[in-house]
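Working notes, beginning with the structure itself.
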Amino acid sequence: MQPGKGRKGKSLKQRLVLKSSLAKETISEFLGTFIMIVLGCGSVAQAILSRGHFGGIITINVGFAMAVVMAIYVTGGVSGGHINPAVSLAMCLFGRMKWFKFPFYVGAQFLGAFAGAATLFGIYYDGLMSFAGGKLLIVGENATAHIFATYPAPYLSLTNAFADQVVATMFLLMIVFAIFDSRNLGVPRGLEPIAIGLLIIVISSSLGLNSGCAMNPARDLSPRLFTALAGWGFEVFTAGNNFWWIPVVGPLVGAVIGGLIYVLVIEIHHPNPDPDFETEQSEDKPDKYELSVIM
Amino acid sequence: MQPGKGRKGKSLKQRLVLKSSLAKETISEFLGTFIMIVLGCGSVAQAILSRGHFGGIITINVGFAMAVVMAIYVTGGVSGGHINPAVSLAMCLFGRMKWFKFPFYVGAQFLGAFAGAATLFGIYYDGLMSFAGGKLLIVGENATAHIFATYPAPYLSLTNAFADQVVATMFLLMIVFAIFDSRNLGVPRGLEPIAIGLLIIVISSSLGLNSGCAMNPARDLSPRLFTALAGWGFEVFTAGNNFWWIPVVGPLVGAVIGGLIYVLVIEIHHPNPDPDFETEQSEDKPDKYELSVIM
Amino acid sequence: MQPGKGRKGKSLKQRLVLKSSLAKETISEFLGTFIMIVLGCGSVAQAILSRGHFGGIITINVGFAMAVVMAIYVTGGVSGGHINPAVSLAMCLFGRMKWFKFPFYVGAQFLGAFAGAATLFGIYYDGLMSFAGGKLLIVGENATAHIFATYPAPYLSLTNAFADQVVATMFLLMIVFAIFDSRNLGVPRGLEPIAIGLLIIVISSSLGLNSGCAMNPARDLSPRLFTALAGWGFEVFTAGNNFWWIPVVGPLVGAVIGGLIYVLVIEIHHPNPDPDFETEQSEDKPDKYELSVIM
Amino acid sequence: MQPGKGRKGKSLKQRLVLKSSLAKETISEFLGTFIMIVLGCGSVAQAILSRGHFGGIITINVGFAMAVVMAIYVTGGVSGGHINPAVSLAMCLFGRMKWFKFPFYVGAQFLGAFAGAATLFGIYYDGLMSFAGGKLLIVGENATAHIFATYPAPYLSLTNAFADQVVATMFLLMIVFAIFDSRNLGVPRGLEPIAIGLLIIVISSSLGLNSGCAMNPARDLSPRLFTALAGWGFEVFTAGNNFWWIPVVGPLVGAVIGGLIYVLVIEIHHPNPDPDFETEQSEDKPDKYELSVIM
């Protein structure tokens, strides 16, 4: 197939190609969040449904982290691989993405997470049915709702729960900003997803005890809604003193704080101008320092 | 030894060199699949024969994944390191390999897996003999057949088992396509095997509970045949409601679906032409988008 | 925002930018040590407060190592990512950093570690309170003081404890020098933090039994002081036969020995001059071989 | 310090510099093997002396592998980081190293391993003394001899034990040759040690059950001799039906077979000449295909 040849008329392939960059990015975020939920929540499912015989804290932490890594490899070159409304918010707020894309990204993330939860439910349908004699439970040793969404530890107050999600997501974004900062030490191009995977491993190993370290509104709310509809019932929302809104609001607040700390403590002091800045601003990132300029 | 000197007459080395590219690739796929089975199934063997004292779900998942990594490092530069008929099928279907090579690749993979199973049996002969008083069992706590082939969980229906193998291999191929897509984020050249290893770790940690996540007809069928002949008996084929064909057919279906999703959702929308495309098509990959062109 | 436009007058951003290199480096070391303590000691906290259900030796070793990796990614391009007075001492002694910076680095490290301990205390406040009925204990099965600082094994004499910290830090610095030695095998630029993470994993797995492998005066002393003030009491200093000074003095001695071994056994024998040497010496590293020159 | 300045007279540094390449390489192999034993056997020590509370199969496998990684980072640019007589033998036999260096490399490896065992004994002196009431035992649940050297599983015959060491080292060398083969897929420069570390993890996870997977005469014999002298007694040599010679002879045989398989199945069929070959042969590697030429 030489250029100009074999492309007479509109082939099916040509008709399938998305011309709109935003459409590509939206479908990419959908697919990425879908992958993260199937493989990430799947790691939790394997540990719980095997009652710890074929999984545990290590396979869950590594599995969820690598699920994120793979989601970013699939989508990073197209949509940046946010797969998290809190990340998209920080990217917009600090001038890494235009605001008009925000609702499309977030919508795709919520839909992708819902589809992922449904797919995982299908793959483990027989396992879920046999686990508790056909019952889908939220609490107790036969509970399975926490395969899909996070629930707080018994000791946790709402204040501490909120602080926990804020601080965890603060660390997530602060370090994600560092990983992609080419004027800092610099992760080699193409290995950023693996650095982010290692970051998720350490946050899950250190700040995961309070409430499972969701750090992502789409990752938590969509699967929770799915479980409510699929048979666990709407107690998934009232459980843990109406905990459900904490991993939705907390990460959004934490992402902003984390990005702000990185920008204020490290990024704005870099002596050399950002080599990526001139070229990128003309198209997509014209207002990188919008926030600090506003201040 | 300067060029043109010391090579008068045909040396033994010259006589050993394979001139045919296909012959090289066939022997390479044989060796790669052999390595994967000895080290991969070996990780299962160590966990089972030590009754969990020197291995478990983590060493099995990491061991099998790293066995694949090493097999790809040994063979990737020669035959592409498929070591899996489902991968070879997807590569042919999406124009990454010519169809006439397919039977050679698949034949070598099945033979390599059989040789690997026999070698592993030899290395652990004393261990296998002492494990269950000289008996080679398929079920029960002294079973050892699942060292070599996969068997379904007790709760699993055939429908769910088939869906499980389709979906797991779908994720495998979808993400393998992303890892090698130089127009996406891009794993640095030479590190693709390690990214694939991490991918296998997460799939084994998340989708491994139903039936051990074979995702590879050669990896499962050849060692199963070996166990049938080596003393476990042909019940290895009837076990689990004649489960044996699921990890043979399921991965082939899943690989096609996974490749198709990646191509349709991500690859065909890339704005720039594939930099590898022009040069490579003249020799080996003239029909990269054959499938979508056909459509 | 084009160059020269939108920057009339002094914007808030311009007023926030640190002109002094030393000020940037000091705040960077503060942030790096803060990150290391929250995520590193956090990994210990998760294991202890869950009584091993959501953490153990593996998540602690990997978590602490990856906490260091992330701290270096955040700070490495600004201050070198020492986050350890023993590292800063070796860097000064072997001509990698000017001596006048030493007190600023070390001060920032101690303050950052203290702030990190306080933050971690806040995140796990509910967990700590419920763990031992509101008591903050140093010894026994309900002890929590070792979340923050290290304590010796019961069998350990002070002599062996001191040798342990010297030898562990000796290995740390010897291998850190190798990792950054571009005339040796050479870790690819941007991946040095991950190599250091793997180094910390192996040292924690091999030399961690005697006393927890602090290898860092700031990592140990500041959190210990915090626990003394926060309710555990000043017995944190007298515990283990006044063990507290061992992980302060031992690492300083070990770092010097480790650097010296690497320089004497490997570095000074390199045949080619250091490619980084000529350019760098003019500004910051004029006295790289100061020590051996002095000798 | 400009070239030609500040170097009048012979400074101490100049007097310390080794002019002889062989002397540098010998001392480098000593240091590398020393590091491998302290950190690698140290990982075994931590698991055994803590009776599994602070280590187990995972920390041992990962710890030993990363000990090798670190030893190669320290020595790879100077002596190639063999740290194993079986590796040095294969390198000589396949023309990667001149034969006259062989006894120096091997001697340094045995001495370095002995020094490493002695150092580890010192670091864990208090722990070893308290573990079995002051006794240093070879068998039983209070045994500590296997911290230093490997011993066979009870079920293992000498024939199977020998085959085990041959096959394990065969895989080690076959894949090490692939990792360093720039005409194959190619591990990126500077990351070969990490690929070797992953290789050791998988071999230890799959072929480690029979007899602990020494694959290295120096790693096994020198620490065994140390234990004989340090108080465990010369039963360390007679134990396991005089097992001691298996991990000495087996690896040498396996290394030759492994290298031969890689050369015959993969390397000699590469279409393009080795880019490293022309330049390197003039100095150090004139007889790369000596063996196959001889054939």
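Brief remarks follow.
Order of writing sets the chain letters: A, B, C and D. Residues in each chain are counted from 1.
In this section, contacts are C-beta pairs under 8 Å (C-beta built on N, C-alpha and C of every residue); 3 or more make two chains touch, one makes a residue touch a chain.
The structure displayed is predicted, hence computed values, not measured ones.
Between subunit B and subunit C, the least number of touch steps comes to 2.
Residue numbering shows that subunit B and subunit D use the same positions for less than half of their mutual interface.
Averaged Cα coordinates give subunit A a centre that lies 30 Å from the centre of subunit C.
Within subunit D, residues 58, 188, 191 each touch two or more of the remaining chains. Each chain pair that touches appears in this list: A-B, A-C, B-D, C-D. Taken in their complex, subunit A has these residues touching subunit C: 57-58, 61, 153, 155-157, 160, 163-164, 167, 171, 174-175, 178-179, 181, 183-188, 191, 195, 198-199, 201-203, 205-210, 261-262, 264-266, 268-269, 281, 286-289, 292-293, 295.
Of all residues in subunit C, those touching subunit A in their complex are 1, 6, 11-13, 16-18, 24, 27-28, 31, 35, 38-43, 45-46, 49-50, 53-56, 58-60, 62-63, 66-67, 69-70, 72-78, 81, 119, 122-127, 129-130, 188-194, 197.
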